[in-house]
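Shared between the two complexes below is chain A, which has chain B as its partner in the first and chain C in the second.
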Partner chain A sequence: MMRNLTQRLNLGDGRWALPCFIGVWSLLVIAPLVVLIVFSFFQTQYFMTVYKPSLYTWNDLFSSGRFEVTLRTLRIALTVTLIDLAIGFPFALWLAKGKTSRTVQAIALALLTIPFFIDLSSRIIVWRPILDEHGLINNFLLATHIASAPQHWLLYTEWPVHFVMVISNFPMMVLPIYMAINVIDDTLIAACQDLGGSPFRVLRDIILPLSLPGILGGIVFTLGSALAAWVEPSMLGGGFVDVLSNSISSAYSALRVPMVAALSTFVVVLLALLLLILTLAMRRFVRFGEVFRSMKS
Partner chain B sequence: MSNLVAPSRDLWSYARIWPGLAKWSGWGLLILIYAPLAWLALLSFSTRPLSGIPYPLSLTNYAALVHTPGWTGPFLISLGIALLVGLITAVIACFVGRAIPRSPRAGTIVLIALLPLFIPGVSLGAALFIFLRVLLGLNLGYWSIMLGHVIWSFPFALIIVLVLTTRFDHRLLEAASDLGAGPWRRFWDIEFPLLRPAIIGAGLFGFLLSFNEVQRSIFLRGTATTMPIWNWTMASSQQSQIPIIFSLATVILAVVLPLLCLVFWFIFVRIEKGR
Partner chain C sequence: MAKAATQSATMLEARDIVHRYGPVVALDHVSITAARGEFLTILGESGSGKTTMLRVISGLERPHSVGALLIGGEDVANLPAAQRNCTTVFQSYALFPHMSVEENVAYGLKIRGVPMDERRRRVDEALNLVRLHQKSARRIGQLSGGERQRVALARAIVTRPALLLLDEPLGALDERLRYDMQTELVELHKTLGMTFIYITHSQEEALTMSDRILLMRHGRVEQAGRPEELFDRPVSRFAASFMGFENLLPCRVEHKLAGGRVVVRVAGRVFHATTVVQDALSEGSDAVLAVRAERFAPADVASDALNLLPCRPTERFYRGKYVDQRAESDAGPLRFRVWDKANSFADFAAVRCSEADCVVVPQ
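Our next item is the complex of A and B:
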């Protein structure tokens, strides 16, 4: 009896795993993030890091024309996120509640998940021979006489960067929203319809409030990946689309560690700030406590 | 049937076009994800892939691929790292995922564990680089790439495991211990078989996420090279190497895609049967 009790308390329920995990995780994830923030207050002199706290690097970050880069990064990331939300939310809704058969759902989910596992650089470099001056689209346009000269704006401008980022971030937007909508109880929707609610009312009063956690998740994942994107801008922007990640990699190759730290911190802070604004804006319409309570039941 | 009260307002929202629009714009984007992959495969057989027209067809790129020795090393290293990351992630996710539902502070712990999902890859890579290389002065290499990959794939693995562990019926374990089973017996004979689909799923996610990871690896590589890093450096610097990348990507796709389809078929059929 006594032996049984001790086993239950110690090894059996595996509760030892949590303190171990929290310890290792704080050392390997939280400590590096703290160090990152701390290093952003140091500075580089003669290729050496000077360990004296100052705001020099942060001043440098905002004064050396990076403000423009930040604005561009934000603009591209927000545009991409909005387009993905506009296409992803209706698609997720159709997938979860559109009387779709389970086979179609499974196929769509698999198709949405597979891109996570395919190398990004080979997925993106193939757009070059498609959008190129002598590429597929220009050949098509010339052959059908839609255009009389090759369209140069198709590649190495901001346009292909937006376009391909919308495509590659689409699954990150759809999957969280789908998961949130999928757990909404069908009887709630049926009740609303029975009471004469139009599809618009069902969407506004039931699906939108209950799927907000999923929408927020989708926005965070898409925005985070769009803010830190570097494969699309460098491969399809052709050096004309300078974003924050380019600044990070150039500071990294120049071994300006405090600048790398400040820029990386800045990206995280930017993401957190946008998330905070979004949560506060949505709090006016929905009470989050109720959302989570209704999801649990 | 469902409209007992005659619709009077928001008539526009009854239009058939909305579900159709939602459906086809989504499928359209999915086509835009997959059509370029097919195009990539087609171009890999072209003699001049950068011209954008798959004509004339030949196998020269594949012959060049066979004679280019550079990619086999990174490929095998990536494979090895991915296998280890998958294994480590699955084991840790299994133990942490089992313990979380029993903890009084489950919400906080899950939030901390999911933190890497919300930190952009560049930032996390830079943070780990500064912490390990600059602060601790360690020599980076395969081990640090692996560490970065485990941190990156763990949240995904944990979510998969938590789906099953939060629904786990603990009365089964009590019944087992009432019948005299020890803790490891309870784990191996009852808990593990029930959690196996989630643990395998977690391991597969770890493997596949690690195999394609590039953002964190670039910071954590030291002098080591993995397959995605090799692809990235070739694709971004040397134009002459691009035909080889096309055929290499096609070969990898030809292996990975059927495998993935099999995995998903397996998962969905299993879930369907389990219901």
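Our next item is the complex of A and C:
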């Protein structure tokens, strides 16, 4: 199918495309990443970077109690990703195959993209007057006598951080899954039912395997952005929710560039590890090669 | 369920099915029955309601109202598609792209919880029937259109349903392959002894394959009968035109005779003709005389004889096996075929047609 399209559009055989892409991508993305990794092997003395290779920064990273921060970051990122997947998949399924009209789909998609037009900080700061001790929710709870005293856990704890991160990352999870489910041919679903498949079998045997590329995409986008989240923990965590990105920003304000480099490298390594584990775990259930190959035919 | 299916002589009984898509009536009180082991074809143009009817039978569409819907004697009107003892061969094949040929065919058995060895044996059997056993490990993307068609067939028959529904299964194949598959389908039908319900828009496919044909139009059954009946004895102008009657001439009914015979006047000439809808014709009313191109024969003189229509030759098209001759008559343009090359038909003055080949249908 893709080959036919290429021929029809006369795009040539694309022999130059891959080297071109690798070249540009190496220059713009891989090279800075390598520089970052290299920097993590330098150290800082008197606010100056000393360009002498050593493991000092890495030792510092693991000996200064960052382990707890790493665990918290991982826990929050994974929780947020799981919650988004648990809500996002059924939502995407409903949107793509739930007999929704074209108009409903267009409206829902437009609503999902609205957050991308507004700055992250402004989107998040509005939660403060809502969740605050004297905020909208507490006022409501007190006025309706649901609560007798202001609920302090609503702000500056892990709860609002989780809550708002789930919201900000929701479109990241839903959009790739929606795209993947949307292109599944309806007659495949009909064929499964026709052969005796219950709704559960349709979901497990047809929709799930065929939408796996989208699910993986959603997880990568959400997990990556949640691991690197900085605005939510610092604005709604009130200094009580210390995550890796907070460490990065504080190292940055102390001009400790090697530490920034080491922390960032660490986050990238963590993400890569998580995705590797995820892929290996999923491979037990689905053969990826088949799914991706099936998209070509 | 299986027991009821083996005992009942009627495999499908659908009575008084009504279905609407919004204001559009897709099925207008349609009733269809199929006997056990029958090859029944539902013929019609797109939008005639034939595919809707198939989806109603399979359960993929819930009709607006149902008089009765029985498959193998079992009432399935309120059963979902998954619980009906019938499978469908889809026009687009609808093969699962993430499964191999074998897995596709085995899928229905897997759902029914058939044990592994038996599943393997029956999949082999089904793939053998469609002559694809050597490609059981292939991916769907690696198969040609004809092979995909066979996989779809194998997948549908492997569960041994009471009814096999085929939704224009040959539509996407090229002509040569379609021709071969027609023969193969007929043989498969004979081997399996299963009841086939076949949807097509091609009258040629319907005529060559079916035991019985149902011609649909605007959500209604226009005519039902054996292929010969549809071919030679249309009941309406639409049925005649759809089944390929090239000449539809306006006429007036003079007398109705016994035994389905009727005397009509075409452009002043008297024709003795037959009809299967004598009750729908009344003496003195306008009707249509339908004659196939190959049933007209050229005549040298335009005498006053019965079943003779004077005409003037116009264009002539050489078609290899025959010559397509056009002519102009007082009843309108005529088309007929001349098979014998030696025959000097260039200077004919009339065409004649035997009584059996002249069919009168209501206007």
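Keep in mind that, in the parts below, the second predicted complex is superposed on the first by the 272 of 297 C-alpha atoms of A that agree within 3 Å, B and C clash if a C-alpha of one lies under 4 Å from a C-alpha of the other, contacts with A are read in each partner's own complex, and residues count from 1 in each chain.
Here is the rule we use: a residue touches a chain if its C-beta (ideal position, glycine included) is under 8 Å from a C-beta of that chain, and two chains touch if they have at least 3 such contacts.
Owing to the predicted nature of the structure, the values given are computational and were not obtained by experimental measurement.
Q: Does the superposition put A:Ser63 against chain B (first), chain C (second), both, or neither?
A: A:Ser63: touches no partner chain.
Q: Which partner chains sit in contact with A:Ser101 here, chain B, chain C, both or neither? Use first/second/both/neither.
A: In the superposition, A:Ser101 touches no partner, neither chain B nor chain C.
Q: Touch check for A:Leu195: first (chain B), second (chain C), both, or neither?
A: It touches chain B and chain C both.
Q: Output check: A:Ile206 vs chain B and chain C. Expected answer is one of first, second, both, neither. What do you get?
A: second
Q: Figure out whether A:Ser253 sits in contact with chain B (first) or chain C (second), or with both, or with neither.
A: Neither partner.
Q: Name the contact category of A:Thr144: first (chain B only), second (chain C only), both, or neither.
A: In the superposition, A:Thr144 touches no partner, neither chain B nor chain C.
Q: After superposition on the shared chain, which partner residues are touched by A:Ile130: those of chain B (first), chain C (second), both, or neither?
A: first
Q: With both complexes superposed on chain A, which partner does A:Asp185 reach: first (chain B), second (chain C), both or neither?
A: second
Q: In the three-chain superposition, say which chain, chain B or chain C, touches more residues of chain A.
A: Residues of chain A touched, chain B against chain C: more for B.
Q: Just to be sure I follow: which residues of chain A are touched by chain B in one complex and then by chain C in the other one?
A: Residues 190, 193-196, 198, 201 of chain A touch both chain B and chain C.
Q: Considering the complex alone, what residue numbers of chain B touch chain A?
A: The touching residues are 2-14, 18-19, 21-23, 25-27, 29-30, 32-34, 36-37, 39-40, 43, 49-53, 92, 95-96, 98-100, 102-103, 109, 112-113, 115-124, 126-132, 134-135, 147, 151, 173, 177, 182-184, 186-187, 208-209, 211-212, 214-215, 218-219, 227-228, 231-232, 235-236, 242, 245-246, 248-249, 252-253, 256-257, 260-261, 264, 268, 272.
Q: What residues on chain A touch chain C, complex-wise?
A: Touching chain C: residues 185, 187-188, 190-198, 201, 205-206, 209-210, 286-287, 290-291, 293-297 of chain A.
Q: Touching residues of chain A toward chain B in the complex: what are they?
A: So the residues of chain A in touch with chain B come to 4, 7-8, 11-18, 21-22, 25, 28-33, 35-36, 39, 49, 87-88, 90-95, 98, 102, 106, 108-123, 125-130, 132, 134-136, 138-139, 166-168, 170-171, 174, 190, 193-196, 198-201, 203, 220-221, 224-225, 227-228, 230-231, 234-235, 245, 248-249, 252, 257, 260-261, 263-265, 267-268, 271.
Q: Looking at the complex, which residues from chain C come into contact with chain A?
A: 58-60, 80-83, 87-88, 90, 92, 94-99, 107-108, 111-112, 139-141, 155, 159
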